[in-house]
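Naming follows writing order (A, B, C and D), and every chain is counted from residue 1.
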Amino acid sequence: MSWTRDEMAARAARELEDGFYVNLGIGIPTLVGNHIPPGVDVTLQSENGILGLGPFPTDAEVDADIINAGKQTITELDRTSYVSSADSFGMIRGGHIQLSVLGAMEVAENGDLANWMVPGKMIKGPGGAMDLVAGVRRIIVLMDHVDKNGVAKFRKNCTLPLTGTNVVDMIITNLAIFQRPTRQSPFRLVDVAPGMTAQDIRDRTEAYFEEAL
Amino acid sequence: MAQKIYPDAAAALDGLLRDDMVIAAGGFGLCGIPETLIEALVASGVKGLTVVSNNAGVDDFGLGKLLRTHQIRKMISSYVGENKEFERQFLSGELEIEFSPQGTLAERMRAGGAGIPGFYTRTGYGTQIAEGKEIKMFDGENYVLERGIVADLSIVKAWKGDPYGNLVFRKSARNFNPMVATCGRVTVAEVEELVGPGELEPDQIHTPGVFVQRLMLATRNEKRIEQRTIRQEAI
Amino acid sequence: MAQKIYPDAAAALDGLLRDDMVIAAGGFGLCGIPETLIEALVASGVKGLTVVSNNAGVDDFGLGKLLRTHQIRKMISSYVGENKEFERQFLSGELEIEFSPQGTLAERMRAGGAGIPGFYTRTGYGTQIAEGKEIKMFDGENYVLERGIVADLSIVKAWKGDPYGNLVFRKSARNFNPMVATCGRVTVAEVEELVGPGELEPDQIHTPGVFVQRLMLATRNEKRIEQRTIRQEAI
Amino acid sequence: MSWTRDEMAARAARELEDGFYVNLGIGIPTLVGNHIPPGVDVTLQSENGILGLGPFPTDAEVDADIINAGKQTITELDRTSYVSSADSFGMIRGGHIQLSVLGAMEVAENGDLANWMVPGKMIKGPGGAMDLVAGVRRIIVLMDHVDKNGVAKFRKNCTLPLTGTNVVDMIITNLAIFQRPTRQSPFRLVDVAPGMTAQDIRDRTEAYFEEAL
């Protein structure tokens, strides 16, 4: 058994605390916004220059001047402010965003992250990913546990070009959850998908990790 | 007062263009891009351009139009994923690309405009982006030295502009435009609406007129949407 | 939502103060200074402070009040000319001063708030200000490495603020307040007017709420004028 | 015969060109604003964060939130914009201000300027002077030709702590005017006060200069 994408997103959403400013990456991380626990108020940031992202617009509300970092149409809220991209990345780089949830191709046991270059494909560029992992205080990665070929994505070392070094705090895969209290600590396995054992996870993981189930 | 308003984009660019120049352009994706000025650049035939812009447009819109005509030699961008012609020219060696992380790119343009030739950032440390760049430790942490960018010409899109060159942007169409406006030796702005002196509130001007040498009314405001995402009902 | 509005200055500072901390304060001269919060700092008795502020107030107003009570150990400022008590304490060795040129000081606070530990500027090259600092040449010109400033606490004065901590400043009272708001580990704002959610136009917010952890209604808005210069008739 | 302060300011004002953005220092340089030639439109900048300074207010117009860099009450114009001090010095440091007129204690023949520390007096700090001389494209100094003790203020070397190195383009004193086409050139004497000769100026100047009367 493995967790669904929505279950993974919901698990990430449990890490949100009331009052947090949060940046959600493109793809599965965006789903986290659908699972914010009741009583927890978070403000979503989009690195192109929006603090306080609203939901997608209705057809009548679509405004070409309101798009998020994924270039999707979006709406504003009663808290929203717009800033330049320089000021937006000032928030990110300056550590004012508490949490970012991102996708990944590989994570290394030392917290290195690779998520911007697909081998053998045209390089599209890092976008804001390098800035986010370098600046946001806590980074949660959502990814499949193994790739299409069954190769572990949580590894001793990243084989792909890095997005950042020693930047990941928590990994949520479809099979397991790893986290560490500080960036000087090793990752610990803290949860597994239903029917999975710690040994099942060891069999599918290259990285060193401790167990804290 | 020195006249800053020009009748159209061709007039506003007259005398400013030369082959192999560096042009910084505002916008994020297709949002807030100077559509009218890009079209005028295509018409001008200027070539060998180095273009500093977060993205490179799509195949038939935005900077993609200047790629199609092979007027761009090099892009300095953070992400160029939505453009097949870009990929073709890059893989065939016709086009050069310098990647800069998005926040670093924004800051490099702000720095260039503010007389700061270099600054340190943690972004990109330990990655390919840092290769060949100076690394310096501050308080036990390593940072990468990044350079300010100054362009020969900057082109921006604003919502409103007045005869003094004061600009106001609208919502997330602001994005890179304010920094782009500061980093050009000459900056030309196209505006959706020209307003009279004193019509912009002094506390609400995003780009003061000192940064804008020429402006004109935008005649292209298609504002194409890349990802039209909608919900069905009220929440 | 996490509650950001506090009933008064004492409550807004509760739990944030400790001796020998670094406090950044907004304002230029006596314009745009957080009068109410300064008064509360005096009342708190916190001491050994390092205060980052462009100026040091006058003898009986602004930061001058904290100097009188000997709560400040060190100032980081660009100009401290209007304060006799400052001069007395400095000459007697009770008070330390680190001068930073005004633009460098503004940029150092912006840098600290934006995660930039250091940047290069031509300002001060070849002067006492550059002594002991790294010099680096870019394109044939020498520049001085200046450090970003991060404060334990920032205090600012704004015109309007909403429950999310979004702030709007008024005219030249903006001055250092926006950068000060970004460079504090915790930032407390006093506002002349508290407005409701959505009352501030999203395009016109100067300091987004992410930078403001606590705010309260200012009860001191004396806004003393240093140089009341007037003309007699209409021009 | 020597020029009055107003005559010195008027001479500096002749250097203004239509469309210039200009920063005027505190003291005599402020008078330059009273002598802007007809047909020349300049925008005055104040480094605390105003672009487009208006005249002093009438008594009824006084607004404590509108002050210039000299902390004087001032008014706004229909072109005025307010910015943060960081953005204001971005204009200055980035070379967007064409001209600044400043006072000086000493200028050296190589263009070094000293105007921030008075010997034997409490140091008040440089304020924005170091930023202005480092960033503004052209610097004009207005000063008396000799100090109270008759000592030349245009010197071989500055004896006082410097505000900037090789930053002065033109010197207007009460007795003479010196300028240079580039910062690699020596200063040239281009004008003298009525009744003065080049030799009179040589007698009262320590700096090397060429003559171009």
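Criterion: a contact is a pair of C-beta atoms (placed from the backbone, for glycine too) under 8 Å apart; a residue touches a chain by one contact, two chains touch by 3 or more.
All of these numbers come straight from a predicted model, not from anything done at the bench.
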For the pairs B-D and A-B, output the one whose chains share more C-beta pairs in contact. A-B
For chain A versus chain C, what separation do you get between their C-alpha means, in angstrom? 35
What whole-number Å value describes the gap between the mean CA coordinates of chain B and chain C? 32
Chain centre separation (chain A, chain B; CA means) in Å: 28
Expected list for chain D, residues touching two or more other chains, is 76, 82-83, 89, 92-93, 134-135
Any chance you could list the residues of chain C touching two or more other chains? 107, 110, 114-116, 121-122, 169-171, 174, 202-203
Mapping chain-to-chain touches, which pattern fits: line, ring, star, complete or other? other
All touching chain pairs, where touch follows the definition stated at the start: A-B, A-C, B-C, B-D, C-D
Chain D contacts chain B in the complex at 18-19, 21, 41, 43, 45, 51-52, 76, 78-83, 87, 89-97, 134-135
Quick check: in the complex, which residue numbers of chain B touch chain D? 1-2, 110, 112-116, 162, 164, 166, 182, 197-198, 200, 202-203, 205, 208-211
Counting only contacts in the complex, chain B reaches chain C at residues 107, 111, 114-122, 136, 138-139, 141, 143, 147, 168-171, 174, 201-204
Touching chain B in the complex: which residues of chain A? 46-50, 55-59, 62-68, 70-74, 76, 82-86, 88-89, 92-93, 112, 122-131, 134-135, 161-165
With touch defined as at the start, can you tell me which chain B residues reach chain A in the complex? 28-32, 54, 77-81, 87, 90-91, 97, 99, 101-104, 106-107, 109-110, 121-129, 169-179, 206, 223-235
